[in-house]
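Multiple structures follow.
What follows is a pair of complexes built around chain A, which joins chain B in one and chain C in the other.
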Partner chain A sequence: MSEGLIKNIKDLAGEHNLASGTSICAGCGALETVKLFCDILGKNTVFVNAAGCMTLLAIYPFTPFSGSWLYTAMASASAGAQGIRDALDILIKKGRLSAAEDLKVIVLTGDGSAYGMGLSATSAAIDRCLDFYYLCYNNEGYGNTGHQDSAATPYGARTATSSSGAGFIGRKKDLFSIWAAHKPAYLATVIAAEPMDFARKVETAMKIKGPKMFISLAPCPTGWHYEPHQTVSIGKLAVQTGIWPLKEYKDGKVTHTKVIKEKLPVEEYLKLQGRFEHLFTPEKNLVLINEIQSSVDQYWIDI
Partner chain B sequence: MTHQILVTGNAAAAWGARLSSVDYIPAFPITPQTEIIETLSGWINNGEMDSHLTMYESEHSMITAAGSAATAGVRVFTATSSQGLMYGMEMIFAIPGWRVPFVLVNVSRGLASPITLECDHNDILAARDSGCIQIHCSTCQEILDSVIIGYKISEHIKIRLPVIVNLDGFYLSFTREPVEIPEQHKVIQYLGEYNPMNDIYSASAPQARGLIVLVGSQYSYFRYQAHLANLKALDVYKEAAEEFTLQFGRNYSVIESYKIDDAEYCFIMVGSFSTKAKSAADLLRSEGWRIGLIRPRLIRPFPSEELRILLSGIKGAAVIDQNISFGKGGILYTEITSALYGADGNYPVTGSFIGGLGGRDITIDEFIVIAGEMREYVQKGKQPDTRLLFTEDELQQIKKIQLIAGTENS
Partner chain C sequence: MYRIRFHGRGGEGMKTASRILGSSFFFEGFQVQDAPKYGAERRGAPVSAYVRADHKQIYERGEIHKPDLIVIADETLLHVTRNTVLEGIHENTVIFIISAMSNSELEEIINSGKSIIKIDPAALPENYHRFLSPITASASACFTGKIQSSNLIRGVKDELKTVKDDLIIENVAIAEKIFNEMKSYSGIVTETGEITVLRDPQLITLPLHNSSIATPVIRTVSTSVKNQTGSWRTARPVVLYEKCSGCMMCNVYCPDSAITKNKDGFPVIDYNHCKGCLICCEVCPSGAIRKENEKIRRSETV
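Entry: the complex of A and B
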């Protein structure tokens, strides 16, 4: 990865392909993700969007993107991307569009679509070896509608539909493994709070043809209940506690790109977020905290 | 050279796409449509057709891709049926707002439940309010020709809406009829090379499509624009059909009328069973009736004015709906009567008959009974209640089956 153009954090400051002034919430981890992705990928892009928070980036008659945009529906953005990729290939093959005008096709979805309604269309796009990028900003709930639980909601988190007791009782779906089982060309977890790891992965993907899948943990002040200025620190803690493993899948192998030697206790991450407040007040719920800790520990033992 | 071959309705639809030189075919199988995409795939695979077909995992995805590819500047063809159209219905309603052209062939099949493979029109009529233009066919030749005419309308600068060409499952999809295959170069001459207009993404000219609006007035404006474009398609259809007649000789008015000039009575219906209505009219005429058929080819936009002209002076009109809107009745009947209500003129007593659901036949005898009933109501001067075409024999059969199923006491 060292042959890439982005060698240090200053290299990330060069190009800005997403305009500011959108209607996205202050401190939005998904916006950080999209911005970083756009800056690295360049201007020659078409984003195909599924219903979610980022749908509100482009509100008629404005778009913050330097490239193109198509909103499709919640379930079928990957199919929309296939239609556009196929059309671009047809036009270039038939000489109706010059290769210099070609675009990178990117699906932009939240976890509500990626982990649930959009899974079928995405699975099929990987089956067809579609040459595209798929960026899931994962804020671990249906964020745009007030943060109800989705298939990406972590165990124990309170959401608008798991608002009492121990919080969400389901287990977060392992989308990385589901996608890896499809053998895509490239697959990675990322987080905008670790921009160098993020950038290297996007750069790696840019050299590969085929499905290039990204799941970005996107801290969400309004859904996770913390102050907007904490987005980056919470993101870093997600990695340092081992809760959000940074990894990639390439050539049939999974590699962890940031292995934390001295992991912080999960408590450090949980206690900053209102959605986990019930684990700490009125008294500490050690059973539940330990359960979350041991599942994280087990993950790192198993790999 | 033009030649005539014996083909199914499905193959005629495929020929329409082939002759229109479509660039892209998003596909998904469903009975009774599958033959269309298999035929196209076969032609592509053996090099007879320069097009690209992608298999999708659902009709929802397939229709999304039809729309997205159209926003990217290629001529698109797709096909579905029944549950497939319903599964893709979110996009059938969404894509007209993108204002992009393509042709979708729907092979009509009744909707679940109970599930069936046989034909009726509840699938296509569920798309009535989507913004897509609807052309309903009654013969295999008409299917081929309507696909070509469909592109002409869909791609018109004032329209830019998807066109759905409808044909009846089994009765047309799998029935072979002699069909004249126009010459490819003449079709291209008729349609012109594909002009994507603004529908193209490129590095030098980015565009944003399908954006959200947060203001009701903007939403109202764009929705009404799509409505006006759909209405405009009536005139554009007429121009396209006239030009088609000049080029290919076949005539497709917005409403087909059969022996209507001197008629006192008429059947009104869409689809392949209308050919039986013609036979029934001939038979009745041999017994002294003055009766004919009115068959709207366009359901959206709805040709209200043309209908009023044809119905003016007719005493009794029997609307035969091969569909049912639960809690209301025949959908076509509602459309027809709403076009007449309050209009100046001398319009007929209209009767509503529901028939042919799930592929049930409508017999010539039933057409004759319908005509007789219409005459009685005309004499009484009142509108009859909605009737289901269903015989005593059929009812007895159902009762026997229910006994076996144990759902009904004898």
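Entry: the complex of A and C
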């Protein structure tokens, strides 16, 4: 990792700020997200981590982090971040910590927490203009407990609690818009499969004080039922099919940071994942596939 | 009591195997315990599951330390967690393994003097990896000589009731096939009576601490490197330096920080930690990372 501005992908290569040896699944897209985030943000960090897969990162006495880490309940990570931010500010004010030693406070949660249980505490933290980062790795389900559906599960996906028929019948919650309605200092969707877009957004956020919110789509071989080596390919397809729009909110405006001119059919993305297998076998469910395709098309018409 | 221990890797279906076997025993009228051993381990990590079955109430709890049957679904475990896999072999322990190694090779590695029953993957369908649960459960059921095939099938169906019909049919078919093929071993696994407590627990009394020091706190960074997750690997990425351009895509996309950069700017894979996800192979624009079979290379490193 080079210090300073990230101009090309090589600037993200080399030594990493997140160490190896974690208990996370091989090929985990969420781990890839956290690793990239740590590399861009630097070492002076304290992660406030709500229960979920990523809490397995630090299992006593092991931690992969180069900085601090605190475990919280699923609903209260943003409240925990407030406490830490306040404590750091007080220490600096009293001269017990130099401003140079200040730490960046990052809430790290899954979608179960961000889209559901933790939404209220996060809403309040944005209201209070808390100076923090929020990184939601979105594996579109309650991964750690066996991939039950969450408010971020896409329509039609099979999960442990929507394991038959047409899959999940709910519609993925639009957390980006919900958070944007709070007018945070910065908000973006990202994905580790597009590291340069990711890096530019984190670097933009680093210059801003206040709530800096990130939602990262995190392909999950275990819950989405695909082979671990496909994590990056599936991530890229999520962007190229238009399923995962990359965008940012700043100064009251939403901008799409990667507009795909010739979007691939959603099928290309869906067919690689076991959670959508029922859309293709025993015979192709064109009604459902077309429904998913038209909701993606509609999104891009509406923006 | 029958004490049966399954060893595999996360994702290979050993928990399901133990449940199928447990249910089959249950339908046969046995009292049963079946459970996986849980840790924080994930897909690819060595895992185990166990089954106890008896006609009397079972009071024994916890892990099985003296198994009558050890099932090894993944032979690479013999290299990485050998002591755990072979723990507690006794006079009558039978070992069942799915392995392409020759009998003499296996006997040399296992070196227990016990009878080893082997199925060669070559004799199984090409996609047998997806069916390790019915394969190992049905073989185990057959070895006891106490489970009728009808109750085995009931066990398979019961455990898989949430999956697609055609998948159930495939699972049942392979369970029946293995059960029949293993017939000559029927009854080879026998029960062992009560096992007296091996050693008294050593109780230590901890002083009462106040909460500020009783909370687990890690005071050093990056300690996770002490975990050698290289043992999770079933496939190994190998850099072909003659093809490598040094673009470092592999280093950027490896989720596990298991690729470093040497002083000439080329990638070096840290096999002590690489979990074998093969993302690096897939993202390499020069086709400079080859996938190798871990079994062949295992003896050379780790």
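Heads up, the rule we're going with is that the second predicted complex is superposed on the first by the 297 of 303 C-alpha atoms of A that agree within 3 Å, B and C clash if a C-alpha of one lies under 4 Å from a C-alpha of the other, contacts with A are read in each partner's own complex, and residues count from 1 in each chain.
By definition in this document, contacts are C-beta pairs under 8 Å (C-beta built on N, C-alpha and C of every residue); 3 or more make two chains touch, one makes a residue touch a chain.
Predicted, not measured: the structure shown is a model, and the values here were computed from it.
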Which of chain B and chain C A:Ala58 touches, first, second, both or neither: both
Chain B versus chain C as contact partner of A:Pro282, first or second or both or neither: second
Chain B versus chain C as contact partner of A:Gly67, first or second or both or neither: both
First, second, both or neither for A:Ala13, with chain B first and chain C second: second
Partner chain(s) touched by A:Lys94 [first = chain B, second = chain C, both, neither]: first
First (chain B), second (chain C), both or neither touched by A:Leu264: neither
Residues of chain A contacting chain B in one complex and chain C in the other: 56, 58-61, 63, 65-67, 69
Residues on chain C engaged by chain A in the complex (per definition of touch): 10-11, 39-45, 162, 164, 166, 216, 218, 221-229, 232, 247-249, 251-253, 255-258, 260-261, 270, 273, 275-279, 281-283
Touching residues on chain A, where the partner in the complex is chain C: 9-10, 12-16, 18-29, 31-32, 35-36, 56-67, 69, 163-164, 192-193, 195, 221-222, 228-233, 278, 282
Residues of chain A defined as touching chain B within the complex: 43-44, 46, 48, 55-56, 58-61, 63, 65-73, 75-84, 86-91, 94, 96-97, 100-103, 120-121, 123-124, 127-128
Touching residues on chain B, where the partner in the complex is chain A: 23-24, 26, 52, 54-58, 60-62, 64-74, 90-91, 94, 200-204, 206-214, 218
